[in-house]
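Only one structure is covered here, and it is reproduced in the block below.
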Amino acid sequence: MKPARRDVFGRPQGGWRLRFYTVIFESDTPAGLLFDKLLIVAILASVAVVLADSVGTLHAKYQAQFHALEWGFTLLFTVEYVARLSCVRHPLRYATSFFGIVDLLSILPTYVAVLFPEAQALIDVRILRLLRMFRVLKLTAYVWEYQAMGRALVASRRKILVFLSAVMMIVVIMGTVMYVVEGPENGFTSIPTAIYWAITTMTTVGFGDITPKTDIGRLVASFMMLVGWGTLAVPTGIVTAEMTARRMLDTPASRACGACGAAGHLPEAAYCLHCGAALGSAVAPREEAAP
Amino acid sequence: MKPARRDVFGRPQGGWRLRFYTVIFESDTPAGLLFDKLLIVAILASVAVVLADSVGTLHAKYQAQFHALEWGFTLLFTVEYVARLSCVRHPLRYATSFFGIVDLLSILPTYVAVLFPEAQALIDVRILRLLRMFRVLKLTAYVWEYQAMGRALVASRRKILVFLSAVMMIVVIMGTVMYVVEGPENGFTSIPTAIYWAITTMTTVGFGDITPKTDIGRLVASFMMLVGWGTLAVPTGIVTAEMTARRMLDTPASRACGACGAAGHLPEAAYCLHCGAALGSAVAPREEAAP
Amino acid sequence: MKPARRDVFGRPQGGWRLRFYTVIFESDTPAGLLFDKLLIVAILASVAVVLADSVGTLHAKYQAQFHALEWGFTLLFTVEYVARLSCVRHPLRYATSFFGIVDLLSILPTYVAVLFPEAQALIDVRILRLLRMFRVLKLTAYVWEYQAMGRALVASRRKILVFLSAVMMIVVIMGTVMYVVEGPENGFTSIPTAIYWAITTMTTVGFGDITPKTDIGRLVASFMMLVGWGTLAVPTGIVTAEMTARRMLDTPASRACGACGAAGHLPEAAYCLHCGAALGSAVAPREEAAP
Amino acid sequence: MKPARRDVFGRPQGGWRLRFYTVIFESDTPAGLLFDKLLIVAILASVAVVLADSVGTLHAKYQAQFHALEWGFTLLFTVEYVARLSCVRHPLRYATSFFGIVDLLSILPTYVAVLFPEAQALIDVRILRLLRMFRVLKLTAYVWEYQAMGRALVASRRKILVFLSAVMMIVVIMGTVMYVVEGPENGFTSIPTAIYWAITTMTTVGFGDITPKTDIGRLVASFMMLVGWGTLAVPTGIVTAEMTARRMLDTPASRACGACGAAGHLPEAAYCLHCGAALGSAVAPREEAAP
């Protein structure tokens, strides 16, 4: 369900500002749609430039070209940012909105990089423009889905926090146990390190940079691995068992009443639950439904 | 539910072409079924030859035999391909269909390998003949299931793309953060490398070829691991909680008939399924149902 | 639901054979229950002996004691096996049943080990006696659950096979691609080795004994990792979204009809779906239900 | 659903003991709430001190300060413990309750550490005070959720035990097979070690400290990896297929009212929820619902 479009930043009344607004913020017109597509291409291209520039061999070969491209993109995005601010009626709302901050963060790094070269790695934050891309592509369904995902996360925040707090307690306690059992000579150099190991184990990532060497340590590790994997496997198994049981009740011998047509009777039902009329002979429940 | 068989490529009217068609494309007759089984054996055997030929020790011992077998299979599959093309009424449709392209790819490599030995590894693509196998084995249920799986994926493509785009954004941003925090001296030699590490971490694979060494890096890594594992664990836990809650609501409200004592009535049942007497109002639910 | 006890092997009529049968095969009597508990202790102890005997340091210290214990257990289980065979009416049925074969495998190794010392590792197969333990402990619920799990697996065998065949096709193709892209110099020494790597990656195990070194290889690896993890994450997310949506429909504004008491009306319903009477004013659906 | 507060330890009648009780055990008053918040800060701070003290570099720099802080926290928690014991009517019940034991364990280590310096690592067990924190923060919702989680685990204990016993049987058998196939020269030095490897593999953790080197070993490993991952993937896929099928059945059978055209009626609806007119028979289901 797409929510109705909300006029947050102040759609201008008319003039050149309205023409700019329809192209930049809206995608109803061919110009607006073209603008969006060009912007996506520009964003992906600028991200690719940052990615490529971080690879030593490519940086050695194409440093000048990457630098030029980066300045080109920055100027492009600066012009776009200024255009956005100037064509809405409430520019401050846009500048302080999520997308406004993202736009600003997208161009600041290049200007900062002129003065502080080591901050060049921050330029990739422009990937956040991808969010804008979904919006401008009129794939409001996408944006609606991100908003929906975000709202779902917020709505479940208490369950998530309780769950994570339980996980944190387990990894802190088990990590310290491993710190005591294995000790620094086996890689568990401090409790924070041991907790880091406990997280890699419970989340089943298992880097292997730190591993238990003692028998007790491996026993504790086995327990943690079974807890971490079991947290996924046991509920999945229970849910599947429930569903299979329910399916075997729902489908095979569910009969309809001859008198009133009501369906969904249990196999052993003899009278219609809706009108009381007698049902045909109860079918002996088959043990397995066809998969 | 098996879909009705569709005549896509043009079933011939009669003559030798019809006889070939019934054997090759259909499995209703003993000859057709035998053809299918022999074809499966030939496909599995040819794949095994490629597998074995790639093992250094086996290649050293049996190179000549593998080579001869490979030519034998190629000739066999070439004959089969030509037969398929010649007995349908629309050979071009077959040649451009998925299975037609797979058949062509299955025999081309050997001919190409005569000229370009380094392309010999492509021969395994004949495993795609396995798909054909399901079809010709009249296990149309299997083919129906692959088609069903494919349609399910296509139907959910928007959700999958939105989900994957969210994952990509996280790994790109977190990867670059690790690139900045850990740096090339700890293995994070470029942003693409760091993104590769972020993917191994978030998908809980955790190769361990690259691992964070700094405390901040391990903190970021812990966050990513909890997100990657939590994406599986949190929903599973929520769904299980819902199901358990629903089950505890459903079963206790199952009422017993006042007249005959039969239990297990659905909440909306108005008449006893056993004796037909009218049921009274629902009984108060018990707090926990037996697991 | 416990299935009724089935008399498979032939319950003897009377005499010493019946007394033996009630102790060994049944757990209704104190003697039968004691027999079962002693047997479990014996089985666990014998398994512990095998485990301990495999540890170099313990073997060096206690070899003689372990050897003596092992013979003790073998004699005990031999006596039990002979007793079982002799007290049923159809000993051959027992000998060829699952538990009969397990019992035989449990004692043969020790006799074989006298002649072939390298087969001593097979003794642990006695853990299969644990299955018998569940049975004799009258925890038929457990045995019922293993049987239920087994039947569930058999009932779903087609889905499992289709799923696994799809996984096998992916790992075979992707493994060979990595074999071509990375090559033996990066650890992918043969196609079977590459397929083994592909399985460790897709199942998110990620040993790290073989890892991609080239950029294209890491790209293919990233794809495989996302497929392997996504196969778990995407459906989980979809199911959770469905459940959450359904819960938000079911719970908040579900109203009961004042006239007939029927519940479960959608928020925007104006007339009772059961009797047609007018419902109270439709509540505007709240956007988020309390978690 | 919050359970009503239970007076377990004996709420005092009056006097200074009642005043202490309301501050320490209850959070209805500003003093009680402030007490709780100060206690949480103290607990988190004391845990942070233990964490920091375990890091070699920090210990070298701040050992004296950490020691002083630790004594401060111990004295604080000792005072709190004594206060709790003295203001309830049944101090022994509190001392033997979960939280009472946790409180005692939280202060004992420091006193013990004076006499036994190597036990200093046990001080982190004060994280268990975090549980108390949830309680005293009047976030009884949290405590209710932990209790609910605990009760859910206890209620499902049979299923969990059956499941885990099946997993243990697989890892013990497969571990011993690998011990025989790979042998001590490849890292599988004993059966317990091999079982530890089997657990890391089946839980998809995959540390990589021990890996199979032989072809048969890798084949067995591949089987175990597919079982471990498949236990998560196969049920998830089946459940998703069920839900998708059900959704495709549920939504299309939603009927439209002949009189007013309103859609979205439940299958069992007899009257239009919008206009009250009688509904006709169900419309034929469409093949795919929009995702």
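Think of it as A, B, C and D in the order they're written, each chain with its own count starting at 1.
The rule is short, and it goes like this: contacts are C-beta pairs under 8 Å (C-beta built on N, C-alpha and C of every residue); 3 or more make two chains touch, one makes a residue touch a chain.
As the structure is a prediction and not an experimental result, all values here were calculated from the model.
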item: Equivalent interface positions on chain A and chain D, same or different at half; value: different
item: Chain located farthest away, centre of chain D as origin (C-alpha); value: B
item: Equivalent interface to A-B, taken from B-D, A-C or B-C so that over half of the residue contact pairs match; value: B-C
item: Pair sharing more residue contacts (C-beta pairs) when A-C is set against C-D; value: C-D
item: Chain centre separation in whole Å, for chain C relative to chain A (CA means); value: 32
item: Centre-of-Cα separation between chain D and chain C, whole angstrom; value: 23
item: Touching two or more other chains - residues of chain D; value: 156, 158-159, 192, 195, 204-208, 228, 232, 236, 238-239, 241, 268
item: Touching residues (chain side chain C, partner chain B) in the complex; value: 158-159, 162, 165-166, 169, 172-173, 176, 179-180, 184, 189-192, 195, 201, 204-208, 211, 215, 218, 221-222, 225-226, 228-230, 232-234, 236-241, 243-244, 247, 262
item: Residue ranges of chain B in contact with chain D within the complex; value: 151-152, 155-159, 204-208, 232, 241, 244, 268, 288, 291
item: Of all residues in chain A, those that touch chain B in their complex; value: 47, 50-51, 54-56, 121-122, 124-125, 127-128, 130-131, 134, 141-142, 145-146, 149, 156, 159-160, 163-164, 167, 192-193, 195-196, 199-200, 202-209, 228, 231-232, 235-236, 238-239, 242, 264-266, 268-276, 278
